């Protein structure tokens, strides 16, 4: 995977290999979320190119964008859960839209909910969940469809340190199975404990790649 | 197929969640379609009536006092070959006198005391309804007036023409009203669908971000609009049938003599079906209008 | 005061943001109010016309051949003291003959050749419009028939009664239509306001959580509804005035003889103002309906 | 300030003095947000009493609740910014509703925005802000009206450690001027560095009060 973009404020050239696990860090407003949004093609760069899996994101047609997005698991910084649907419905939303058989949807949903420790909240609505529980639902949704690429924006901001580490281990397991993982986070302590490649941004500038 | 099932279940869910607003949209749609149906009903009845009245338009050929049978035959030939006449009846002078006496009893005795019947014999001519307003009728009248044995031709179309103009004006006004109502129904439905869209904006955004096909995103809203319009049309149709069944006999009884039972008939099947289909179409357009914003 | 300024600025902002939907609500409201206004206009014109026609209802007292001046004076007294009569005109037998000859030129020669005028003298009576349909008119006719010197009283109210019933039926149908349209307008406005409410749900929730007074929360929505209704009413009123100005002369010309220019008049000021006020009220109710959910 | 409530899962008796600065911590789903919500009277306890400033929250009339809420500054875990309003409008929302003069609103808004370091984003809409910037706007809004009580639910979850400490110092300054502050957070590191009284909840149970 190859990324080269001018965005938010400055320009940046960054290459992430297939199957990598990369942390994206930097102070508030550095441009982490912007980079992740560009990678989901939620925004299009005003200049520069983003190339994912050999394909330029800015040159994709609307239907190619749809196909591409289905292969990406995204954890939004503000969760973006559907307030009128239960946890189960939120999680099975993508498989359902993709027309997967109900039995498969159900099996996968139980599996990811167990991963994030929320099997007992299956029928709750998002507003009945605590902030951390909502965040874990968002993580579960991102993982249900065996994505080729996981983009997680601050997926542990509302979780206590122990739970945060558990979620990170989850990402590590998925990464071990070949999925590329890109996680934006402020939690330096967490990065230290997971110990993976880290990219630091500041004011939209790449300041460190370790 | 999957998208269809999905759209139906979502549309139903959405309508049920917003039953109040949906009911309102259905009511508006049915109100406008009901008015449309009523206008159609009144319009077809009125034109049927008018046709009958046109046919009964006064076209009388008064014979000169000493008209010979040859002259009468020539008159009958002229009428028959004109292609305008549906039927004709010879009214002898005695029959004319009898009619006059019935209409003006005060004068009956006076006229009876006259040495001879002052009333002429005549032909009562029934014009073919579809040609009753044709200018050639005027030409026929002029031709007959020149013919031997004819004392006068009375052909009064003023009254019918007035009626026709009245019906025309009423139709124009009615169509304008229907246009306004149709627009209102369409926009009301679009409003409700937009409400549904607003309420599910988060959902739509997420659908877009997980790569859902456009048909999945828009389908339920278009379907919701269509169903609202269809329901409105069915309601309107039901009310229309009810009003027709309840109102027909009183109207015929009220206007006894003027309106025959056969003049008041329900809409032909094709028109009725178009009415219902039109409701669905209005709703569909409303849904499309609203769903357009969901990309 | 602060809440009022706030409500106005918020309502304006909200309407502007949703100009499409607002326009639609205004259109629906103005459509229904326009139809209401048109019905009122047609209704008042029709009743004015009907009154005039009622007044001209045929009430004729035919005198016996040898009616003496004393008998005529008694008849005139009966008419005058009944309190039902607005005017009366004596039609001598010669005048009756002249009228007859004009109406039936064919028979004029025949009647003229009679030894004596077969037509009776009569009184043409004009009833007081407001009492023309009173049952006491029937009693007056019966009383006159018994009186010496009277040969017959002709009082034909069938035609007028039919017209009255027609107008009554039209009024009922019109009122039903107006009720449906008013409901539709009210609900459409409520729909738009609800749309505004939905769009600002987050805002409302936060207002509640920071302790904003209820007037602050609901005010803008009620005001928005009221403004929408008011605008609709003003639009409807403008269109109504335009239609009236453009349509009056053609209608009077068309129905020359039947309808006088004075019969077609615009709505009285009070009614016109109520129409506009009614629009605002409809909108206000719609706004209240929608704002009810914001607690 | 005295609180005694049965909520979420278990019962709890807790007294917080006027002018205190208390951290509320515990794992995800422990009941921190629920306690704060109860204190704003967003929820009413099904049993038990909450007494704030001598007044029972459950016995307040609707208009008393309004008056009470105006004296509380709340930082919501999900920010709850008004998406259709700019940062400035979001922040001046409460003074505006309370009918304060525009000049006062403006002065206060500039002050709190400077405190959270966002004076330059005055006219941005929430969706144009990064997660951390939104969170700081939420903090600014809570502080603009000189509240007698500040309730902050995870106010630094989207902030990098340095910024988080700055915000905490802000709360400490406000607390020093007599405002009671109650902050729910997972960030043990932060609590350690600020060093204030800490209440730990777990499954709705009070497990520690240090």
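A few notes on this one:
Letters A, B, C and D mark the chains in the order given here, with residues in each chain numbered from 1 onward.
The rule we apply is simple: a contact is a pair of C-beta atoms (placed from the backbone, for glycine too) under 8 Å apart; a residue touches a chain by one contact, two chains touch by 3 or more.
Values in this document were obtained by computation on a predicted structure and should not be read as measured data.
In terms of the stated touch criterion, chain A and chain B have no partners in common. The most distant chain from chain D, with centres taken as the mean of CA atoms, is B. Look at where the CA atoms of chain A average out and do the same for chain D: the two points lie 29 Å apart.
As a whole-number value, the distance joining the C-alpha centres of chain C and chain D reads 64 Å.
Centroid to centroid, with C-alpha atoms defining each point, chain B and chain C lie 24 Å apart. Centre-to-centre separation between chain B and chain D, using Cα means, comes to 69 Å. Across the assembly, chain B contributes residues 199 that each touch 2 or more other chains.
Shared contact sites, meaning residues of chain A that touch two or more other chains, are absent.
Taken together, the touching pairs link the chains into one ring where each has two partners.
Here, these are the chain pairs in contact: A-B, A-D, B-C, C-D. Residue ranges on chain B touching chain A, taken from their complex, read 2, 6, 17, 199-200, 202-203, 205-207, 209-214, 216.
Considering their complex, residues 25-34, 77-78, 129-133, 136, 153-154, 157-163, 186, 188-189 of chain A touch chain D.
Against chain B, in their complex, chain A makes its touches with residues 40, 42, 62-63, 65-70, 74, 80, 82-85, 93-94, 96-97, 99. Within the complex, the chain C residues that touch chain B are 21, 24-25, 27-28, 31-32, 34-35, 62, 100, 106-107, 109-111, 113-114, 118-120, 152, 162, 165-166, 169, 177, 180-181, 183-184, 187-188, 190-192, 194-195, 198-199, 254-255.
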